[in-house]
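Each of the next two complexes has chain A plus one other chain: chain B in the first, chain C in the second.
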Partner chain A sequence: MIEVPLQQSDTVLLPERIGELTGLDQFGMAGELLAAFLAAFVVGNLMLAMTGVAGPWAKRKITAAFTDRIAVNRLGPAGLLIIVADSVRLLSKEIIIPENADRPAYDLAPIVVASSALLGFAVIPMGSGIHLADPEVGLAFVFAVAGIASIGLVMAGYASANKYSMLGGLRAVAQNVAYEIPLVITGMSVVIFAGSLRMSEIVAVQQETLVALGPVAIPAWFAIVNPFAFVLFLLANFAEVGRNPFDTPEAPTEIIAGYQTEYSSVYFVLIYLGEFLHIFLGGAIIATIFLGGPDGPGPESIGIVWFLVKIWGVFLLTQWLRSAVPRVRIDQLIEIGWKGLLVLAFANLILTAVIVGLIA
Partner chain B sequence: MSTGLEKQTPGEVTEDELEALIGDRALRRDDHLNAPGFVIRPDDVQDVLFDLRDEAGFDHLSCLTAQQYEDRYESIYHLKKYDDPTQEVSVVVPTSTTEPVSQTAEPVFRTADWHEREAFDLVGIDYEGHPDPRRILLPETWQGHPLSLDYDQEKPQIVTLSEHANPIQPDHHDEESDTMFLNVGPHHPATHGVLHVKTVLDGETVVDVDPDIGYLHRCEEQMCQQGTYRHQIMPYPDRWDYVSAGLLNEWAYARAAEDLADIEVPEYAQIIRTMGAELCRIASHMLALGTFCLDVYGDFTAVFQYAFRDREVVQDILEDLTGQRLMFNYFRLGGVAWDLPEPREEFLEKTRDFLDELPAKIDEYNDMVTSNEIFQVRCTDTGILEPEVAKSYGCTGPVARASGVDYDLRRDDPYGYYENLEWDVVTRDGCDNYARVLCRMQEVEESAKIIEQCLDLLEEWPEDERNIQANVPRTLKPDADTEVYRAVEGAKGELGIYIRSDGTDKPGRFKIRSPCYHNLSTLGVMTEGEYIPDLIASLGSLDIVLGEVDR
Partner chain C sequence: MNDWIAIGALALVGLLIPLGMMAVSYLLRPSVPETSKRATYESGEVPTGGTRIRFNIQYYMVALLFVVFDIETVLLFPWAVVYQDALAAEEYGLLHALGPMLLFVAILLVGLAWAWRNGAVEWAQTPRQVDPGADRP
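== the complex of A and B ==
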């Protein structure tokens, strides 16, 4: 049997480490597979736990802080046990399925939405050795799987047999198409800098020191090297995850809840989970390609902490915008995407290419 | 003393001139307390109204009252001038009991469309030539007309549920229609109550809008007809525009009934009324701002909560004053229920504190909302309401003033203590959603000015002259067949009451002219051709309260 290495970098990935620790690596393919499953289980659950905290609790607390309220404070310290109560509540609700729903599509949509986001975390280096896979096409893979969510949204919008869902689904597609291109093109400018699509290399390049101001060394994070691209990417990302000012596909006051109007109980939880995972995945991509990934002061072993801080920072920003910024209209949204962001993204790409070409 | 803005009064039309204008078409005179009335034949309606509008300048069909007598039906067109609402004329159109058919006034005033539908619905007069003779408040299948004399209340009604059809489906060449019919409401996050907007979409563009109202119809007019003038009617107005505009509504009834029974309200009570009413206006405008931002921003955002936080202070003050937070029931015919709460200083201090903090809060709103660029691109040039259209639809209040229609009853048809205070009428000429928001926010500042002056007056008022209530007979029985139509400037616009006395202690006919009703009727012209988000924003900027629309 020929060994096909999944990756060629020198970093030790989580499946390998688990394999070594548990001795599973002695069992060949089967052992490797089992170790990979275990690693995926760990990472997946980490992310799910984060959304579990974010959805029922953190989001409420953050929004409340912005809007002069208190939010959950009755169950447990600072209302933290609401997470348990909400889980029980949401899972024990009745599933109401519309009569004319297009069944397989209607049932699959929430799963597609949630799983596509989860898949993206596979290639994200989270520091402290938590990194599932490091393929050569890492960045492209993340964009690709995140894009699958659009299919889920269309399925949800179409299969619900509800006009509001339909409008929401159409808006979601229009928005994702319009913003995915600037998103990917802005991401490409980072690839020009790093010279690789491999996530671990993108992170490694950013750990070099850009300028040293006395004792303070400013790292070469791409957000610092190219703040313009950072802002572009951040904007496109908000549209991609459908958050204010670009939350038009849901737009509760206009089209009720868009594509998720007809989803209840577990399906509703799945769709919501998917949305939060997407926000976190967006945060993870931003952290990885612009904020140096797990890079931060202190020993390398606490990398995961810095990584989580960065993800939550992006999450906080989405909640802030949600509380304070009006939603743009659908036609304005498309206009901003095609006429503004796309042009700027290309300008950024060309400029970056020229600059990198001149320097290197 | 005078109000800050003096409006130029156009040439007044004397009664002789009116008589000459209507000429032979006037069968006889039927004067009301507020205006000269001319009785005309049912087929002269358009003719006379056109002349009154174009020759005499009566460009505001304020209200249409329909009622049934033992021997006839009667439609009364209450006309006013936007330039000077103290000039009024009533056009009375009697029709026979057996065949109540009258010519429609819709070609003259667009607002007659909804008015005549309501008259048909509740009283049963047919308007010949009406473009859309459907019921408006009651379901299509309703049998009988509730305010007609022979209506059988005991009769069971069957209300069928039929699927709503796309009204412009036949416009398309074949079955594969290009448009989609969408029910916005009656349960929708942005309809501000139970409103059903039948919408037809072409993609995201709105091509046809038909507001379907009546879900909150509680027979307020009929209930008022069953209450005695002195005490039993006053609680009802609180329930029309029920979100904190209670005192303004109460004033509408108080003004009409006081004119009817010739009651003079003590000056001190007028000042308290003025202050209370303006507090209500602030609370109401705060809510309007908050909910409009809810529609534009998308969720329960900071602006909504801030608006509620600030409104809460006003609610507390009103609670101190009236003892209630929602259904105040504070006005009495000839005065108010009680004086300022003791200790007076504390109440005055609390209200002053609120006024002192208000400018900073307004600045905060301006920072967060009106100067936000996304907010501006969302709101400017959407929901356009041209001044002439606004007038034709009978719009009043901030909706009309934001379209440049300089019309405010507090100044133009003074009542209460307004004419003795310094304040300005806010008008803007943007005609769009943005102008309506700004107009309301500026009105909050003007109301604060009024309250401040009232507080000064109340503080200095000699203790032995604090007369809060005029002498009013225990039972009021105005002379039979006295009719009056009086309006005040409510939070949403001109809130008018028509009362006809029948010699008893209860009104023979009680008609409410709701500003929201008129403002809502413009939704179609404002939004057709725009996008769904603009439909929602425009609906929010009209600031309707369904309790007042449906009554």
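== the complex of A and C ==
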């Protein structure tokens, strides 16, 4: 038997830090709960603010730049205040609920989509001490929580009682079913290197120097150690979050807007936010397990900057693909997933295991 | 500090934010009920027929395969975590650490190959799609 001792991580997490700063840690259990709540509030709103910027503003700006247009530029510097205008506009829209809607499910779906994506950020180490929780099962937790969103999409698709929504919801499932396995199996090849599911340890392993070229030390980021796995993971991730070339569940030219066809007002905002949170969660997972998390040149205290740069890099990539790559058909999508990515993911896992075994 | 307290706190925050937004929207939005405003959207046409009918979802077999492989990933995670420790341990060699996992994956890959040969990992075609001219005069 190999003993793997269960241990608390030795990194200082955000709730503890807040507990110390505000003196809440002296009040026992109640103080602990309050500090955790405050920390969660900080993390949640940080991510929401980022998606708030990305949704109404960055997406327009980026798409406009790719298609040679001028995007929002009237309100505030570079049109940034459009975010405020948009949120007021969207929240004050009349809500139109289709007459055949399946009520509790129809109302719950937007909440499920938005909150499941937000929950995934709990275990992501964002650098500069912004790290909410560091459980033993970090990576598995993130995959599990990100998977909940597809339930929300099915609920939205079924409860709307609209044919396009139904098709969109079913397509979302087909896609998640096809790409979840390659995603997790590829993530597992990182676990083989790191020897732990704990996010802080996966990040710590990547901070070692792989090769030193004179003054430049190349870190052992898993994207550099195993670029094949990185590409596989990126592809599977785009399918998982439903972005081009795998955006068939929404496919505006085929099925209107898929599962969100019948959603308006605040419900639409929540589903839209949930999707952006999901893109950023995917970016955060990629940054953490392949790009060294908050690792980067400079002092450790600016880790959050590097982390955000990496997440926005992945976001920029999704938007570039949105402008540049055509959508694959739903039947092609199934075949790419099961006949291509799944086999490659297993090949990657076995090769990684063999190479690690031979080196060790 | 227990990690799961913090995760539970974020779950709570993740519920409160959408609920808060819904509350704000409830206070702001108008309500103008009109006839047939709530009709199901079908590109502006009068909707025909219901949505909850029986139809071929076309990836039934794939969904079954997914269950098998999903359980496999769950069983492989503990192996991936202890793999390096097992290699370093005296009593296990490469063969003992890697062999069983290879066998386990191989069994499932044989299953996948069988399903592939039988056309289960494809978008199932309804008979009419296979032969477009079948029901035309």
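Everything that follows uses one rule, which is that the second predicted complex is superposed on the first by the 353 of 360 C-alpha atoms of A that agree within 3 Å, B and C clash if a C-alpha of one lies under 4 Å from a C-alpha of the other, contacts with A are read in each partner's own complex, and residues count from 1 in each chain.
Everything that follows uses one rule, which is that contacts are C-beta pairs under 8 Å (C-beta built on N, C-alpha and C of every residue); 3 or more make two chains touch, one makes a residue touch a chain.
From a predicted model like this one, the values you see are computed outputs, not experimental measurements.
Undergrad: Once chain A of both complexes is superposed, is A:A114 in touch with chain B (first), chain C (second), both, or neither?
TA: Only chain C; A:A114 stays clear of chain B.
Undergrad: Going by the contact rule set out at the top, does A:I256 touch chain B (first), chain C (second), both, or neither?
TA: Once the two structures are laid over each other on A, A:I256 reaches both partners.
Undergrad: Please indicate which partner A:A159 is in contact with in the superposed arrangement: first for chain B, second for chain C, both, or neither.
TA: Neither chain B nor chain C is touched by A:A159.
Undergrad: Looking at the overlay, what does A:S323 touch: chain B (first), chain C (second), both, or neither?
TA: A:S323: touches chain B, not chain C.
Undergrad: Using the superposition on chain A described above, determine whether A:F66 touches chain B (first), chain C (second), both, or neither.
TA: Only chain B is touched by A:F66; chain C is not.
Undergrad: Identify the partner contact of A:D247: answer first if only chain B is touched, second if only chain C is, both if each is, neither if none is.
TA: first
Undergrad: Please indicate which partner A:L48 is in contact with in the superposed arrangement: first for chain B, second for chain C, both, or neither.
TA: A:L48 contacts chain C only, not chain B.
Undergrad: Return the chain, chain B or chain C, that is in touch with more residues of chain A.
TA: Between chain B and chain C, the winner on chain A residue contacts is C.
Undergrad: Applying the document's definition of touch, where does A:I192 land relative to chain B and chain C: first, second, both, or neither?
TA: Second partner only.
Undergrad: Which holds for A:I350: it touches chain B only (first), chain C only (second), both, or neither?
TA: second
Undergrad: After overlaying the two complexes on chain A, where does the chain B footprint on chain A coincide with the chain C footprint?
TA: 163-164, 256, 330-331
Undergrad: Using the touch rule from the top, collect the residues of chain C that touch chain A in their complex.
TA: Answer in residue numbers: 1, 3-15, 17-19, 21-22, 24-26, 28-32, 37-43, 50-52, 57-59, 62-63, 65-66, 69-70, 73, 76-77, 80-89, 92, 94, 97-98, 101-102, 105, 109, 112, 116, 121-123.
Undergrad: Considering only the defined contacts, which chain A positions touch chain B in the complex?
TA: 63, 66-69, 163-164, 167, 244-245, 247-248, 251-256, 322-332
Undergrad: Can you name the residues of chain B that touch chain A in the complex?
TA: Chain B residues touching chain A: 180, 182, 188-190, 204, 293-302, 304-306, 309, 368, 372, 374-375, 377-378, 531-534, 536.
Undergrad: Given the complex with chain C, which residues does chain A contribute to the contact?
TA: Chain A reaches chain C through residues 2, 4, 8-9, 13-16, 19, 32-33, 35-37, 39-41, 43-45, 48, 88, 91-100, 110-111, 114-116, 118-119, 121-123, 132-135, 140-141, 161-166, 170, 173-174, 177-178, 180-181, 184-185, 188-189, 191-192, 195-197, 256, 261-262, 265-266, 269-270, 330-331, 334-335, 338-339, 342-343, 346, 349-350, 353-354, 356-358, 360.
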